[in-house]
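Think of it as A, B, C and D in the order they're written, each chain with its own count starting at 1.
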Amino acid sequence: MNQARQSPVSDVAPSSSEFLAVVAARELRDKGRVFAGVGLPTLAVDLARRTVNPNIELVYESGVCGAHPAGLAEGIADSVLVSGAESVLTMQALFGYVLQGGSIDVGFLGAAQVDRWGSLNTSFIGDWRRPTVRLPGAGGAAEIVPNAGECIVIMRRHDRGSLPSQLDFCTSPSPVRAYAEDPRMVPPGHGVSTVITPMAVLRRPDKFGELVVTDIHPGLTVSDVKAATAWDVMIADSVRETPRPSWEDVRLLREEIDTVRLYLR
Amino acid sequence: MNQARQSPVSDVAPSSSEFLAVVAARELRDKGRVFAGVGLPTLAVDLARRTVNPNIELVYESGVCGAHPAGLAEGIADSVLVSGAESVLTMQALFGYVLQGGSIDVGFLGAAQVDRWGSLNTSFIGDWRRPTVRLPGAGGAAEIVPNAGECIVIMRRHDRGSLPSQLDFCTSPSPVRAYAEDPRMVPPGHGVSTVITPMAVLRRPDKFGELVVTDIHPGLTVSDVKAATAWDVMIADSVRETPRPSWEDVRLLREEIDTVRLYLR
Amino acid sequence: MAARTKVTDLRSAIAEHVHDGMTVCLEGFGHLIPFAAGHEIVRQGRRDLTLCRMTPDLLADQLITAGCVTRLVASFFASGSAGSLHEVRRRVERGDPEQLDVEEYSHYGMICRYQAGAAKLPFFPIRSYAGSDMPQLNPQIRKVNDPFGGPDIYVVPPLNPDVTILHAQRADRLGNVQMWGILGAQQEAAFSADVVIVTVEEVVDEDVVRSDPNRTIIPAHAVDAIVECPGGAHPSYAQGYYDRDNAFYREWEAISRDRSSALQWLQEWVYDLPGRDAYLSQLDPPRWAGLAVADRESGSVNYGRRRTSTLGQS
Amino acid sequence: MAARTKVTDLRSAIAEHVHDGMTVCLEGFGHLIPFAAGHEIVRQGRRDLTLCRMTPDLLADQLITAGCVTRLVASFFASGSAGSLHEVRRRVERGDPEQLDVEEYSHYGMICRYQAGAAKLPFFPIRSYAGSDMPQLNPQIRKVNDPFGGPDIYVVPPLNPDVTILHAQRADRLGNVQMWGILGAQQEAAFSADVVIVTVEEVVDEDVVRSDPNRTIIPAHAVDAIVECPGGAHPSYAQGYYDRDNAFYREWEAISRDRSSALQWLQEWVYDLPGRDAYLSQLDPPRWAGLAVADRESGSVNYGRRRTSTLGQS
């Protein structure tokens, strides 16, 4: 790619990893301490640190706080996160004192399914007693969603299966579901605030509210998004076209961050 | 003291620190991992290590396991316990995993009062709402008595106040008292197995039984011990005279272990 | 000091301590995963094990493929970024070749289970699961009242393995185990078990351990067997010794798609080899060399030593 | 990286963060006791504090003598082997010169309270107290049912100080705190507080901290103020820096027997001095020199560094 000959705005496809990572990175502009998962979140936090938020603090569930990785981390327990880090805590300290203790501003997650309230399924597709697909399960997500200040979810797909009217299994509940179980058990965190899909950005400004489509990626319409969402999804009055990544963002991802295309697909 | 000119058996007074420390050290002959408190227990474990039990393992509530002190420790958090130790754990690990987890064979304690079942008072003399004497309180004793395999208690006094029929306050209960509260809450440990006083050694072979006088120090009689004990204390059929310390034991205490007479009084 | 050594060889340690039907914990969160010990369990043909492991990655997939495991206690069923565990999926999704029982928690649920097990607590409270389907999936996730008047809270039960097996950078012959880098829940997992086996990159002199007692994560009294086993964490890594073989993690995704190729891999890399030395020898030398790391030293701190003259001075 | 420094001076840190009526935790189990910070609280005349400290030794006795503290939350009311706390005893036994409220636990009760506070748990279970008078003395020690069918178990409530103040060997300007030797419950006490102030023997370069990340007991994000304060733990000690002044511990027993002599001590050693430098200067030089320790180095371990060529290699 020769940046000089091109418009500053890239034409990468909205469904591409680059597009999703750039949209996600921009969401981190004014955020503090981020609990970063593996995959696209890793790219997004790295890009955010190089662009919109040089002071972003990276915390990993493996116990690393204040990571300064010398290269792209291949997983949340990669040795590059440890060498030169400010601290490595036990997992009891990380999950108990840092996360459950309330020090994480943003959790950054993937999911197979998200519902209209921002509850997540990362466990099973189909009947959980005999699943069609055994997904990875809860991991740290069941702790991140209730305890982080807010959560940003990146979805690799946007269709009626991944944004269903009813989850096949609820691994990580929204505050709405916690309230339904017991109004006194509402978690401290907001739950999912933002969902980034290959079609749109959905936001949930109210802790007990629904996801609302606020940004639709270039080339797609409200009807496209509604047709791909299993519930009657709300569209913001102020809905806009998602700003495209700049070529500089794309170049950073391809030529400096993920040079081996580990997460970029 | 010139050992060579004397009988191998010393004539130190039964009420002396030396006598108590030697009697206590002998109790450690076949013991493994000992949770040692400050004061006379420190002397006793050090003497035991040099005489009857070179492999004794010393654990301190400050988190030190496998201490190899280069000098006499002035307290259970002394730096000499740390330098050259095999491990220093957090206190959550020490109290939670090592002690409550069940790895301590013998706890070694002092107390202001002990009752016939081996319950201990280290908190108050008089009415606890307005005490005559505010004692140090529970410290780790409330954990050591229920969780150590057994406990050895050294008393600096033996009179009707320190061996009362009723404790002024029960800080660290025997299994008998735990059973009385709830038969299902009986602790794993035996509780107090041995009480060493300036007059006698009392033992409690049954986890739910009473203390029995098994050894009476030289020069004292059964009547002396009974008169100084507020309950009608049982005397073992096989009661014997407590063997006197050897001069070599006394020499070790005075000339090698506690050269500054920190605990020896 | 005439204390006994706990150093033994891997074959003996597994033969002595790991028996059919036991609950066996192999921990290591991405780091210091006890692969060599897991392979020895495969080699000795253990059966009917309950395997406890927060992240049953490809080590679990291998143990299950080999038929050692009938029950899995875990919190994340994937190999990090390297994809699915196909043997686990085959068994859970289709009972192929047999059913696998699964007892499932979140990460923090497992960490708290280890702490409860280590401290002999009947349960451990955790602020997760309200509104989740997890308690329906796993009835061992229960609720208790807060006696201070707050809302109810979920609790998880203690986990007490018969045997916990770990890998570490170093230990002394007495069994004091030192680790650095990511420590996961290894300390709790060790204290929660009846028997603890630790494979290490190096058995070092007691003086080395005793120079830095805060580095001892597991004290000797909690350890039953120490096995010197350099490279014992491959294809995972040992901070400061060798890096993770990420390529192998990706390769396993392909190998394990087909059960017969997974079995063939076990034949070549486990059953046909006597142990870890042979395994490392069979690796392509450039592959192993490529995992070497450059130095980044911690530096030394001073623990101090009392000068005799100050003792008891006043 | 343009991160902010948290380094400040002790006067400012106490003035900004410690206010009348607050719940203030000063921890350190025999080791790294924050004496300089406690004296600054005395100097600034704080009142009506609730002091949380497992072992209220002579630092607590001094703060109470100075009239800073009306309530004490603790588990052992004595100065180790050095005897009674006479100011505490005067107040508790005779209300002289005023009553002191006491909330009392065992050591492990306090440790579990800090963990519960750090992890925002409503309570923490503990296998102590069955048959004890402690729950009668302190109604905050309560019982819950075991939902797994075992016997009831006692629990303690969380402890969440407004401010936790600690002393440590070193920190960087960002606030990453490193300690070695006896660590007590300091990590939990820090995470349980709203505000954390740490005095240190040395503020070191970030590279020093980042060379040994496992030595960081409290990460920067949990810390609000770092104060470089060499000798700040005297008369307690800092492992590897200076030893405990055992003689002073014994002297305090005599000084504090009489309230007026204790007040006079405070006048000479706290009120009349601007801070810790002046305090150390006022010490008899041979006394301070006598607490020096000889070297005993931890030695270095290797954390390793990825060689660029291996990144993503396959």
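In the analysis below, a contact is a pair of C-beta atoms (placed from the backbone, for glycine too) under 8 Å apart; a residue touches a chain by one contact, two chains touch by 3 or more.
All of these numbers come straight from a predicted model, not from anything done at the bench.
Asks: Using the touch definition from the top, list the chains contacting both chain A and chain D.
Replies: C
Asks: Looking at B-C and A-C, which one has the bigger number of contacting C-beta pairs?
Replies: A-C
Asks: Using mean Cα positions as chain centres, tell me which chain lies farthest from chain B.
Replies: The most distant chain relative to chain B turns out to be A.
Asks: Counting in whole Å, what is the centre-to-centre distance of chain B and chain C, each centre being its mean C-alpha position?
Replies: Chain B and chain C have C-alpha centres separated by 39 Å.
Asks: Go ahead and note the Å separation of the Cα centroids belonging to chain A and chain C.
Replies: Here the centre of chain C sits 29 Å away from the centre of chain A.
Asks: Averaging only over C-alpha atoms, locate the centres of chain A and chain B and give their separation in whole Å.
Replies: 59
Asks: Distance from the CA centroid of chain C to that of chain D, rounded to the nearest Å?
Replies: 34
Asks: What are the residues of chain D that contact at least two other chains?
Replies: 115, 119-121, 127, 150-151, 153, 180-181, 183, 187-188, 211, 214, 239, 243, 246, 293, 296, 303-306, 312, in rising order.
Asks: If a residue has to touch 2 or more other chains to count, which residues of chain A qualify?
Replies: Where chain A meets two or more other chains at a single residue, that happens at 64, 74, 79, 82-84, 88, 96, 100, 262.
Asks: Any two chains that touch count here, so list every such pair.
Replies: Every pair of chains in contact is listed here: A-C, A-D, B-C, B-D, C-D.
Asks: Taking the touch rule as given, give the residues of chain C at its contact with chain D in the complex, in rising order.
Replies: 119-125, 127, 140, 142-148, 150-151, 153, 155, 157, 169, 180-181, 183, 208, 211-212, 214-215, 239-241, 243, 246-247, 250, 290-307, 309-310, 312-314
Asks: Which stretch or stretches of chain A touch chain D in the complex?
Replies: Chain A reaches chain D through residues 33, 54-55, 57, 64-66, 68, 70-72, 74, 79-80, 82-89, 93, 96-98, 100-103, 188, 259-260, 262.
Asks: Give the list of chain A residues in touch with chain C in this complex.
Replies: Within the complex, chain A touches chain C at residues 38-39, 61-64, 74-79, 82-84, 88, 90-92, 95-96, 99-100, 119, 123, 128, 130-143, 146-147, 169-182, 184-187, 262-263.
Asks: How about chain D: which of its residues touch chain A in the complex?
Replies: Within the complex, chain D touches chain A at residues 1-3, 115, 118-121, 172, 174, 176, 187-188, 191, 206, 209-211, 213-214, 216, 218-222, 303-306, 308, 311-312.
Asks: What part of chain C is in contact with chain A in the complex they form?
Replies: Its residues touching chain A are 29-31, 55, 74-78, 80-81, 88-89, 92-93, 104-109, 111-112, 115, 126-134, 137, 150-153, 180-185, 187-188, 237, 239, 243-244, 246, 293, 296.
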